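Chain lettering (A, B, C and D) follows the sequence in which the chains are written, and residue indices restart at 1 in each chain.
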Amino acid sequence: MAQALLKASCHDAPVLENRLLGSGPAAGGIWKLVLDFPGWTLWRPGQFVMLRPGSFGQELIWGRPISIGDYQNGQLTLYILNTGRGTEKLAALTPGETCTVWGPLGNGFAQEKSASTLMLCGGIGIAPFVGYTHAHPAPEKLTLLFGHRLPLDSYPWDAFSSISARGYLEQGPADLQEFITAMREAMVTTAAEKGLVLSCGPLPFLRTVQRLAKETGARTQLSLENRMGCGVGACLGCVAEDDQGKRVQTCSRGPVFWSTKITV
Amino acid sequence: MAQALLKASCHDAPVLENRLLGSGPAAGGIWKLVLDFPGWTLWRPGQFVMLRPGSFGQELIWGRPISIGDYQNGQLTLYILNTGRGTEKLAALTPGETCTVWGPLGNGFAQEKSASTLMLCGGIGIAPFVGYTHAHPAPEKLTLLFGHRLPLDSYPWDAFSSISARGYLEQGPADLQEFITAMREAMVTTAAEKGLVLSCGPLPFLRTVQRLAKETGARTQLSLENRMGCGVGACLGCVAEDDQGKRVQTCSRGPVFWSTKITV
Amino acid sequence: MPTETSPVSPAVRVGNLALKNPILTASGTFGYGLEFAPYGDLKSLGGIIVKGLSLKPRLGNPMPRLAETPCGMLNAIGLQNIGVEAFLQDKLPALPHQEVPVIANLYACDADEFAALGGILARAEGIAAIEVNVSCPNVASGGILFGQDPIQAARVTEAVKKQAGETPVWVKLTPNVSDIAAVARAVEKAGADALCCINTLPGMAVDLERRTPRLANVIGGLSGPAIKPVALRCVWEVARAVKIPVIGVGGISSARDVLEFILAGATAVQVGTANFMRPDAAFAMAAALPAAMQALGISSLEELRGQLKV
Amino acid sequence: MPTETSPVSPAVRVGNLALKNPILTASGTFGYGLEFAPYGDLKSLGGIIVKGLSLKPRLGNPMPRLAETPCGMLNAIGLQNIGVEAFLQDKLPALPHQEVPVIANLYACDADEFAALGGILARAEGIAAIEVNVSCPNVASGGILFGQDPIQAARVTEAVKKQAGETPVWVKLTPNVSDIAAVARAVEKAGADALCCINTLPGMAVDLERRTPRLANVIGGLSGPAIKPVALRCVWEVARAVKIPVIGVGGISSARDVLEFILAGATAVQVGTANFMRPDAAFAMAAALPAAMQALGISSLEELRGQLKV
C-alpha cells in the first residue's frame, strides 16, 4: 500500500505564508505554514513531511515530522505547534525564505467512501483531518470530535464547518472525562455501523483511544507521533512494537496503524 | 593605560539600525550596525567590542571582534564586512532584535592633540578612524590614506569629508604600488614633523606599514586583527610576539601596538 | 569528433575496489539503501554500506533510541536488523549492485560468529567488500569492546579474513581508545584491506524533568558535525600509522568536508548523520564534488590525499 | 521579625571544601580570574580554577592556537602561563580568595615536577584545592598521556598528595581512554579527593585552501557544547565507579546543563568554553541556578545528585 504512494521528493521549498492562528502568544501557539511544493501526483491524508529550515544550521540535526494539513495546486499547507527549539524556528520562517522539505512520507489513513467515519483528535492532531475532510468524497459520512486546550480559533477549525464536528475544551479532569465519554459513545455507534475510526493526538490520548477501540470493537486507526531521525525508514529510531513483537518503523510503516496491530 | 579604561560590560543590546552601505551585493559588502548600548563613560578609538547575536545558537562559539566605529549618546556604531559565517549573521540582524555585546575592549590608539597624525587603513580597517576623527580635538592635524577594493560609498567615507583624506582603489598591482608610495611619502613627512602614524588593516597591509615605519623612522602604531576566542585576555588564543619574545594577548594588551614592539 | 570533457575525476581506488567517487554511505544511516532511492540515483554514489548485519535477526534496544545533541545526535539502535539471510534474499537483489558497490557491515559478539558472517557474505554475489564493526562488547572478556583492544581487534580481523576469500575486509575502528594508531597497526598486520575511522563516540543525554536518560540504553553513540574534529584527527593519526587505505567517517556533511578528510589522508569517506539532515545529502555531495575539486585546482583526489603541510 | 526566605540552596561540599554553589570556572577558560571581574561578582561563583600553572613560565604553542568547530572549538594553547611563582606573587593576592575558593590547576611533565608544584601551591595562602591536569605527555614513557594509563595517573596523584598536606587534591581526567572508570578507580585509590571529568577531546581541523592544519600544533583539544554528551557519559561512568566526589566539565552552558550533570552524579561542575560565548556566562548560571532548582521542585542539590532512574 505505502509503496505505491511513495513518490517522495526533497526540495528547498519557498515559504508562501506563515502566520499564527488565533490571538494567543506565539510560543505554544499554532502556525499555518504554506509552502510552494509542486510535483506530488499522489498523496494521502495522514501522511507527513519532514521540514528542516536553514536556521537549523548544523546545530539541530533532524528534520521535524509534520502532518500534511492539506495539499492543493502544488501548495502544501501545514499546521505547526510551536513547542520546542525546532518548531520555534519553523514558526520564525517568513515568506521568501525556503525550507527543506521531504515527503510525502508514511502510509496515511484508510479511506472508505461509504463507511461512516469518526475522526478523533487531540490538540495539533487535528492537522491531518483538514486534508482528510477536504479530500473525502462523501463528507456527510464524517464526524469529528476534538479535544483541545487552546481556543478553537487557534486551530484550523473552520475546515470542519461543513461536517459534524464538535470541540471539547480541556480545562480540568471533568472536561477530559466528558471528551472520553463522547468518544466512547461515538465509537459504539460507529462500531455498530461497521464504520471507521481514525485518531491522531498525543500518546495518552492514543492510549485512551486504543482502550476504547478494544472495549467497543470499533475498527480503529491510530496515527503515532514517535520522535524521528530520518523520516524515511533508515535510522530505526522511531520504531513501535507490532502485534507480532516486531519493531516497525513508524515513519515508513506508519505513522498510521490499525489499533489491534500496534503497541502504543 | 589599558587598565584604567577597562570599565567593560556585557549586555544584550537592541539593534537600532543595520544597513548595507553602497549599492553592492550583501555578501562581501559592509554593513552599518547601530546598537543601543548606553553606559560607557570612557572609551578610546581603536578599542573594539565582541558581538554575538542569538542566531549563533551554540553552533558558532565565539563572539566576533569588531572595532568601535563610533560611540555617541549611548549609541554604538559599527562597520561590519560580511566575510564569513559569523559576520553574515551579524549582517542579518534587524532592528528590534538584540545582540550580545561586550566591551569596550583593548587599549585603543594614541592621541596626541598637537601632533600631525597620519591614519593609514586598508579595507574595513577604516572603521576605527571614524570615531578617531570624530573625537579628535584638532582635526586639521589629521590625514587619512585609504586602500580599498569596494567603491568608496561602501565605506563610511563621508566621515572624513572635513579632513585631508584620499582613497586608493586597488584593482591591480600598479594601484597597490601607488598606495604604498603615497603611504611612504606621507610617513616621511610625518616622521619629519615628529608626528604619529596609526594603521589598521589586513595582515599584509600591516606588514608593509611596519616595513615603512622602520625605513622612515615614523612613530607608528599597528592595530592587529588576530582571531579571537574570548576578547578579554583569558584564552590566550590571540597572542602576538612582542619585542622581548613574549606572547601578549592582542585583545587585552592590544589590539594597538607600537610598530617597534611587536612582530606581525 | 572528440568533445571537451572536464578533466576533473573524483574516482578513487580502495585497494582493488574502484569507486566512481569517494562517497560511501555509512552503515546504519542509509538503511538497506532502497529507502533513499526516491531522493537520488543510488548509482551516482561511490558505494553503499548497509545497516549492520548479524547472523540472526535482532530486535535492537528498547525505545527511545535517539536523542538530538548540539550539532550531533546520540543513537542506541542496538543493531536491529533483519539478519544476514533475509538481507541477501530480500534486499540485496533489489539494489543496483552491478553498478554501485554494496558493502556489508557486520556485527557479532564473538570471533566465530564474525567469521561465519564473513564467510556467508563473501560467498554472496553482489557484495563488494565487508566492513567489520568491532565496536561491540566482547562478551568473553567482560564487556570491553573488541575494537578497544589491539589483540582482540586483530583476532576478529584474522577470523573474518580467513573466510572472506577475495572479498576485501575493512575494519571500522572506534575512537574510544587511548591510542587508535596502535589498534590500526594491529588490524593492518592481521590482514585488513582498509580501515574505517570512526564509529560513534560513547555519550549520554538526560531528561531533567523525568530524571531519566534520554536513551533507554542510557549510553549511545555520538555522531554528526560535533564529532568531525575527532574523526579528522583519527584519520590523520591512522593514515600516518598504516599503509592500507583509510576511509574517513564522522560528521561529513558537504563536499568540502569530503575534501578535508582526503587532505588529512583518507582515500574515501562515508556519509552518516548528514543523510538525516536531508535524504539527498550523499547524492548532493557526490554531485558537488567535481566543482569543489575544480575550485581547489585539482583534477584528481590523488593530488590532495594526505597533502597536509605540517 | 523573621523574613520569608527561599528555602532553595545551591550550596554543595566537595569533600571538606564548602562551596556556595556548584559552579566553578574551568582552567584555561577564565584566565587568572580578574579578566572576568568587569562582568560579574567573582564572589558569586562557587570557585575559580585558574589557568594551568607550571614550575617555570611557558610560552605555549605557536599560533594559530584556536579553531572554531560545529558547536565547539579546538585549542592548542599549550599551557602558556606565567609560572607558579609569578602567579602567587602577582595574581593570587588580587583575587578575593578569602570569599571565593581559588583552585590551582597544575601541569607538569614528570611526577617529580608535579610533586614540587603541588608542594609550592599547598604551602601558599589562599589556595583552596589543587587540580592536577594529567592530560600531558609522559615524556619518560614515549608520549602517552599520564592520564591515559591508570598506573601513571595514580603515581602522579600519589606524588602530589604526599606534598599537598591538608590541601585537597583533585585529578582531572582525560576522556581519551578506553575505560575512564579504570583510571578513576586507580586515582581514587592513590588518594585523590575528587575527580574532574573531562578535559578536552583530541581533535583536528584543516584549511583546505592552504592545505594546512588550522592549529600550528596540528592537534588540539575539542571543547564546548559539542562534547557535552561525552562529558555527561564520563561523569556517569566515573560517579558509579568511585566514592569520592566527581566534578563535571564539558560543554556546560546553562543552569539546566549544570543540573543535568548533577543528575548524572556530579557534585559540582566547571564552566569552560561557555565563558567565551559571553563573559558573564558563569555568573549568569550561578544567578539562574536557584530558580532552575525551584522549577524542578528541589531545594538542595543533594536531592538531585545521581538520582537518574535507569
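The rule is simple: a residue touches a chain if its C-beta (ideal position, glycine included) is under 8 Å from a C-beta of that chain, and two chains touch if they have at least 3 such contacts.
Remember, predicted model here, so these are calculated numbers, not experimental data.
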Inset, instruction - Could you tell me which chains make contact with chain B and chain D both? - result: A, C
Inset, instruction - Express in whole angstrom the distance between the two chain centres, defined as the mean CA positions of chain A and chain B. - result: 54
Inset, instruction - Let me have the rounded angstrom distance from the C-alpha centre of chain A over to the C-alpha centre of chain D, please. - result: 47
Inset, instruction - Just give me the whole-number Å value for how far the CA centre of chain C lies from that of chain D. - result: 34
Legend entry - Sequence positions of chain A contacting 2 or more other chains: 58-59
Inset, instruction - For chain C, jot down the residues that touch at least 2 other chains. - result: 70-72, 224-225
Legend entry - Chain contact graph, described as a line, ring, star, complete graph or other shape: complete
Inset, instruction - Quick one: which bits of chain D touch chain C in the complex? Just the residue numbers, please. - result: 69-72, 74, 144-145, 148-149, 176-179, 201-206, 208-213, 218-219, 222, 224-230, 232-233, 236, 251, 256, 259-260, 263-264, 296, 304, 307-310
Legend entry - Footprint of chain B on chain A - complex, ascending: 55, 57-59
Inset, instruction - Note which residues of chain D are touching chain A in the complex, please. - result: 70-71
Legend entry - Partner chain A, residues of chain C touching it in the complex: 28-31, 35-36, 38-39, 51, 59-60, 63-66, 68, 70-73, 75, 77, 80, 224-225, 253, 273, 275-280
Legend entry - In the complex with chain D, residue positions of chain B that touch it: 6-10, 52, 56, 58-63, 100, 102, 226-227, 229-240, 245-247, 252
